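As structure tokens, the structure follows; a few thoughts come after it.
Chain naming follows the written order as A, B, C, D, E, F, G and H, and within any one chain the residues start at number 1.
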Amino acid sequence: MAGDYAYRRLNKDDAVVLLVDHQSGLISLVQDYTPNEFKNNVLALAACAKFFQLPTILTTSFEDGPNGPIVPELKAMFPEAPYIPRPGQINAWDNADFVAAIERTGRKQLVLAGVVTDVCVAFVALSAREAGYEVFAVTDASGTFDQGVRTAALMRMQAAGVQLVNWFAVACELHRDWRNDIEGLGSLLSNHIPNYRNLMTSYFAREQAKG
Amino acid sequence: MAGDYAYRRLNKDDAVVLLVDHQSGLISLVQDYTPNEFKNNVLALAACAKFFQLPTILTTSFEDGPNGPIVPELKAMFPEAPYIPRPGQINAWDNADFVAAIERTGRKQLVLAGVVTDVCVAFVALSAREAGYEVFAVTDASGTFDQGVRTAALMRMQAAGVQLVNWFAVACELHRDWRNDIEGLGSLLSNHIPNYRNLMTSYFAREQAKG
Amino acid sequence: MAGDYAYRRLNKDDAVVLLVDHQSGLISLVQDYTPNEFKNNVLALAACAKFFQLPTILTTSFEDGPNGPIVPELKAMFPEAPYIPRPGQINAWDNADFVAAIERTGRKQLVLAGVVTDVCVAFVALSAREAGYEVFAVTDASGTFDQGVRTAALMRMQAAGVQLVNWFAVACELHRDWRNDIEGLGSLLSNHIPNYRNLMTSYFAREQAKG
Amino acid sequence: MAGDYAYRRLNKDDAVVLLVDHQSGLISLVQDYTPNEFKNNVLALAACAKFFQLPTILTTSFEDGPNGPIVPELKAMFPEAPYIPRPGQINAWDNADFVAAIERTGRKQLVLAGVVTDVCVAFVALSAREAGYEVFAVTDASGTFDQGVRTAALMRMQAAGVQLVNWFAVACELHRDWRNDIEGLGSLLSNHIPNYRNLMTSYFAREQAKG
Amino acid sequence: MAGDYAYRRLNKDDAVVLLVDHQSGLISLVQDYTPNEFKNNVLALAACAKFFQLPTILTTSFEDGPNGPIVPELKAMFPEAPYIPRPGQINAWDNADFVAAIERTGRKQLVLAGVVTDVCVAFVALSAREAGYEVFAVTDASGTFDQGVRTAALMRMQAAGVQLVNWFAVACELHRDWRNDIEGLGSLLSNHIPNYRNLMTSYFAREQAKG
Amino acid sequence: MAGDYAYRRLNKDDAVVLLVDHQSGLISLVQDYTPNEFKNNVLALAACAKFFQLPTILTTSFEDGPNGPIVPELKAMFPEAPYIPRPGQINAWDNADFVAAIERTGRKQLVLAGVVTDVCVAFVALSAREAGYEVFAVTDASGTFDQGVRTAALMRMQAAGVQLVNWFAVACELHRDWRNDIEGLGSLLSNHIPNYRNLMTSYFAREQAKG
Amino acid sequence: MAGDYAYRRLNKDDAVVLLVDHQSGLISLVQDYTPNEFKNNVLALAACAKFFQLPTILTTSFEDGPNGPIVPELKAMFPEAPYIPRPGQINAWDNADFVAAIERTGRKQLVLAGVVTDVCVAFVALSAREAGYEVFAVTDASGTFDQGVRTAALMRMQAAGVQLVNWFAVACELHRDWRNDIEGLGSLLSNHIPNYRNLMTSYFAREQAKG
Amino acid sequence: MAGDYAYRRLNKDDAVVLLVDHQSGLISLVQDYTPNEFKNNVLALAACAKFFQLPTILTTSFEDGPNGPIVPELKAMFPEAPYIPRPGQINAWDNADFVAAIERTGRKQLVLAGVVTDVCVAFVALSAREAGYEVFAVTDASGTFDQGVRTAALMRMQAAGVQLVNWFAVACELHRDWRNDIEGLGSLLSNHIPNYRNLMTSYFAREQAKG
């Protein structure tokens, strides 16, 4: 077993975040997370991208139709990001502008989330694996019809060498060491993990009481 | 069946909100809702109280100890509210200041939430019922150890004539008519129900497109 | 226990069906049933109303806004039904036209479903109980945010004397005897209960084989 | 609270068992229990009826059609029991022969199970309550479409004064005292509760080892 | 609603604890709690009885047979308690010694738990209600075959005026005020609620750090 | 990781759909999806086959016996499709006519669904993998006894290089670009995904309102 | 993907069944299946072994202690089978008699089930894989503490090349063709799959009706 | 399949236990196990380490901050163990002292558990795999935010050659043969598996009765 495995670890100098089709209409298809959980996870991943200053690419499918516009918070968080409204391609990798935007970053680690997991995420993930990228599918910032569909999609991606992660693992794998920015990471976690916020509240209340 | 039932309906001129023991430590006991769901529900109920300008009473148990301070957002939202740190009484109704604060409002409808459902909520609810109040237990802004405990507590309260509601029902029963403040209610819902926010996003995008 | 209970049984000459706020936008709030299950249940209840020629009343809330229009299938099934787009009242019972439409039917048994269970259904149910009606809340053609909210709403209605039913119980309680229309009921069940359809498929295949 | 409640306790001299529509086709509608669990529960209730020599009444609906014949094990266990194939009535209480068969037993406690819970069980239960009977709905030997439907049906019956039980509670409430027949009850439990059988296996292995 | 309800509140001078059939064999029948959860809940209730010095009565059914001996921890905790090995009665209330032991305490509030919920608990609860006692069924220190059986048993008891509680509610309702014994209650909670123990660990670590 | 993976992507010119044993009797064995969900998924996959004009092969096992005839909708949708009633082979791949029908299509991508997942689907999938085909098991249009069995079957297939998909992924991977037929795909989705239909309803209502 | 996979298919001339530690005491550790489901699955696998006349090997661990004797039905079904009560080895493969018994069969396909999945099954499976056997772990005739433990054990075995199956897949993969013994297989299925039995009941009732 | 797999089996002379970040604050993040289950599993793994006298290494992250101190029981059980409070590294493998402590043991099998699974466990596991170690992730003594996150983390580790185990499998794989210490292992199991304790209670009660 030893010697045959190389840990492809997220590196903030080599990672780019891809947010695919988080649109106000399409999100109503997501049923494997509750709406509150899913919203929190997506915004948490976006906050990671901001915090680590990762290049981020947004893409949508048919914003003018029933799929609806991209979630406004995402648009507002990344005003300068490449934004590729696809004219029709379902697999974003089939859109040359999208791939070009990735290539322009010169990065090889794709941190990928989208709606729905089995299509918008899986198709891009498999295409990117074929193209030689390291792919990190952020499973909890991606949603789909039900847990059975999710499981099948995760197994399909696992078999293709995609690494399955969650937003918190992305944040921690990128940050490496709390000392790089204690307050920054603490604030990121506190904003998106209520129990972590509670720990901090209790802690600082005690500290304050010490005088 | 007819004629024997009177609908005790929430009335914004007769309701007072009681938030019991939503403390940063105690909340870690809550396991029948996920942390994100519970946080959202509690803040949504608090937002209702603000929106309808209901008198609101906060109480806590042993803030200086392991239970931790009240969730800071709640303190910040109700800076002027009566705030009763109980010196030891588990059932807040056993604290004369708490009951007095309720009596001072002159109101008879108690909208009640807390941690944990089977103690901080149920005990107050049963005492208040005995004292002749109408009690509305906000089940989703109250949390406890597991779903079995919750079910037993709800059945105990139901048997005592407590009305079991959720924060959204509280908002709607108080508001009565959208025309009383369309934007206000819309904003309240949009802030705490992601799917409602998505509906509004899609809608206004279309309206704008009409231009 | 004996002698103290009267079975208020659905009677096709005394029942009226109320469909409240089954709108294309609001339905995305429903998370306690899967979308397919919920769609099937709502259409099955509507099919009951048609089959038993029950007077049916439709009402909606803000169709022109984010809530969206009524589900088109319902509108198409009841082209002549009283249709009350409420200008703002959340509790449909607060709308005089809605209550008047019920009164005009002269019927005393309300078969009620809507979105969401804890508001659009529960509020009407409680108001109607106070007004002396027999109320049958069709729990599976009504939906809401999660199962905890549903449970609380059902307990609140149970305590008010509302009878809790499902669409299949409505169909069977109204039909009373298969001989009243064997093919009609069989067709209704077959269209909305896949396993029943399968039973019929197997059966008629065998019958045919007998020739 | 005290003094206002009379415990209506199952009495083997006053109980009659009603098995309604346990038919080979209809059982495919049952989805709130797994097929193995449901089969075991129904046969366990039937075994109770045999063991306590309770009068038992079987009834079916349209055996010659898609609903299919009664489960053969039940027919075989009660060859002499009144057997009422209903020509069309959905509520078995609407069938005069069925009610007459009950009346002929002279008994006042109805132990009732069937398929499906919300119709075949609930309708009979409510009718029987109105007629002054004590009704014991055997919830785990009755099945229906899903757990939501079951919950609503149980709440409807609870509100009507029906006692909600399971087959094991029926067995124990009837038996009263192990000494009435230790081996008989032990055998009944061992045949239908695998963990009880295991306890007995372990026990007798030890006893034998003592020799 | 007001004025018609009296809160029967647990009182440590009027309560007696009944532990029914927590035997090493029978416990393998419990499937509605995991073994670890159930063990913790039962020992927690026993610890409450000790802490509040409540008279406690133990009873078992056929200890020498497959049901197995009482859980040794319970026997060890209450060496002086009345201990009634029933020769055969399934409902402990049918055993004169058991009822006499209760009567000798002169207390009117029965805090009751056992295995299984639908038989050993429910039968005693209903008998005791008929005899005029206030009954508090400790739902989480009682276990049974599955959640469906538990729900039915709870509904049956609710309808009979039994109050449904959990061990934590029992502890808190008896204790009334932390000041009666802060360390004692803290220790009781810490021993049986891991998250509470964690809160205390964090808290005292901070306090110590102040030094 | 890079360079070692080739994305075998569904291609409408190389895919053939295999529907195995969707028979009216056998479907009652399916318990890992609700009947409504399963029916919808199977018909959705069939609709994909029609929409993309994929060659489709139907096969059944013992239609004249208890397994029952093929679901009539499937037969009606593919009147010209090769239809292979197997005289006894459980693994359809053991039937020479079935394999020959596949070979005649000259296609190498098998889109496979059936009842039950662990037998009718898994056996064909593993045989086809051995024979050098690319296999896409449509997990949500295949059903079996429970979720544990499904998981084991999916893991067995995954280990054999089968790609695990769902009907929606099949549709999207085949369609590639909305512009190939916007209305066609929209209609397919709208017919089988209620929330998508709702999005379209809301959208077109707004468009119409624009006039 | 093609060409690189060989389907190791169960063959009744090369398979041997290993039943490990299905003992009356140990079975109480199984919590990932209900007792009824698990009992049925184990007996069904045993019935397969009988039906296909597969050599079968039984082994137990410490029968004279708390683990208890082997389930008597298994002992009775295989009176002539090698029966290896291990004096202490936890991994049965560490027992030379057990391995020798396998070797004496000359067979290379091990059909393996036991209690608990993560130890008695997984250890044997991994040892046997190392020794060059094809291993088929029968997941539903093996049980353990909870679903999380099961999942981890299945993933560990999958990674070692163990094929994950269920008893029904074993039966079907061995039988190959219904025509080899229609009645025999039908009877096996009917005895262990209630819904299959119901299909047969309905079918033969119709056939009989034809005359 | 044969010949290509080597079973890396836990060996008590080659294993070292790593307990990562089981801290009183961080544990409140664990939501995929109930608090009681998780506490039991962690202490059980620690008891294994003691029982087999395995070298054990403790590490924590920011004990003085909100994360809180290590669970006191763990500290107390391993007073002499290397204890590495990391000054900031999230992945313990990035801390040279931690890796050095492992290297000093000269052992190659890492038995690893921690909070949270997807970060503290997965990062160490992947780093250790790359460094050539055999890694055994103890899934049930590791916890995280929800089951979806856990599943993704387990799949990521599985793909990297990590063996997924539970504490009971660790104990049994290390012990090999009951005869090595029957009482010792029995006591370990009895302390952490309530149903095993019950088996022993019943057994010894019978033995004693023999006299």
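Assume a contact is a pair of C-beta atoms (placed from the backbone, for glycine too) under 8 Å apart; a residue touches a chain by one contact, two chains touch by 3 or more.
No experiment lies behind these values; they were computed from the predicted model shown.
Between G-H and B-F, more contacting C-beta pairs join the chains of G-H. Repeated interface: B-C and one of A-E, G-H or D-G share more than half of their contact pairs by residue number, and that pair is G-H.
Subunit B has its Cα centroid 34 Å from the Cα centroid of subunit A. Taking the mean of the C-alpha atoms as each chain's centre, subunit E and subunit G sit 41 Å apart. Multi-chain contact residues of subunit B, defined as those touching 2 or more other chains: 6, 25, 28, 34-35, 68, 146, 151, 155, 158, 161, 193, 195, 198-199, 202-203. On the side of subunit G, the complex with subunit C involves touching residues 199, 202-203, 206-207, 210. Listed in rising order, the residues of subunit B touching subunit C in the complex are 1-7, 9, 32-33, 139-140, 147, 150-151, 154-155, 158, 161, 163-166, 168-169, 172-173, 175-180, 182, 193, 195-196, 198-200, 202-203. Subunit C makes touch with subunit A in their complex at residues 28, 31, 34-35, 146.
Listing the residues of subunit E that touch subunit D in their complex gives 6, 8, 25-26, 28-29, 61-62, 65-68, 87-91, 94, 108, 116, 118-119, 122-123, 126-127, 129-134, 145-146, 148-149, 151-153, 155-156, 158-161.
Those residues of subunit E lying in contact with subunit H across their complex are 24-25, 27-28, 34-40, 63-64, 68-69, 71-72, 193-195, 197-199, 201-202, 205, 209.
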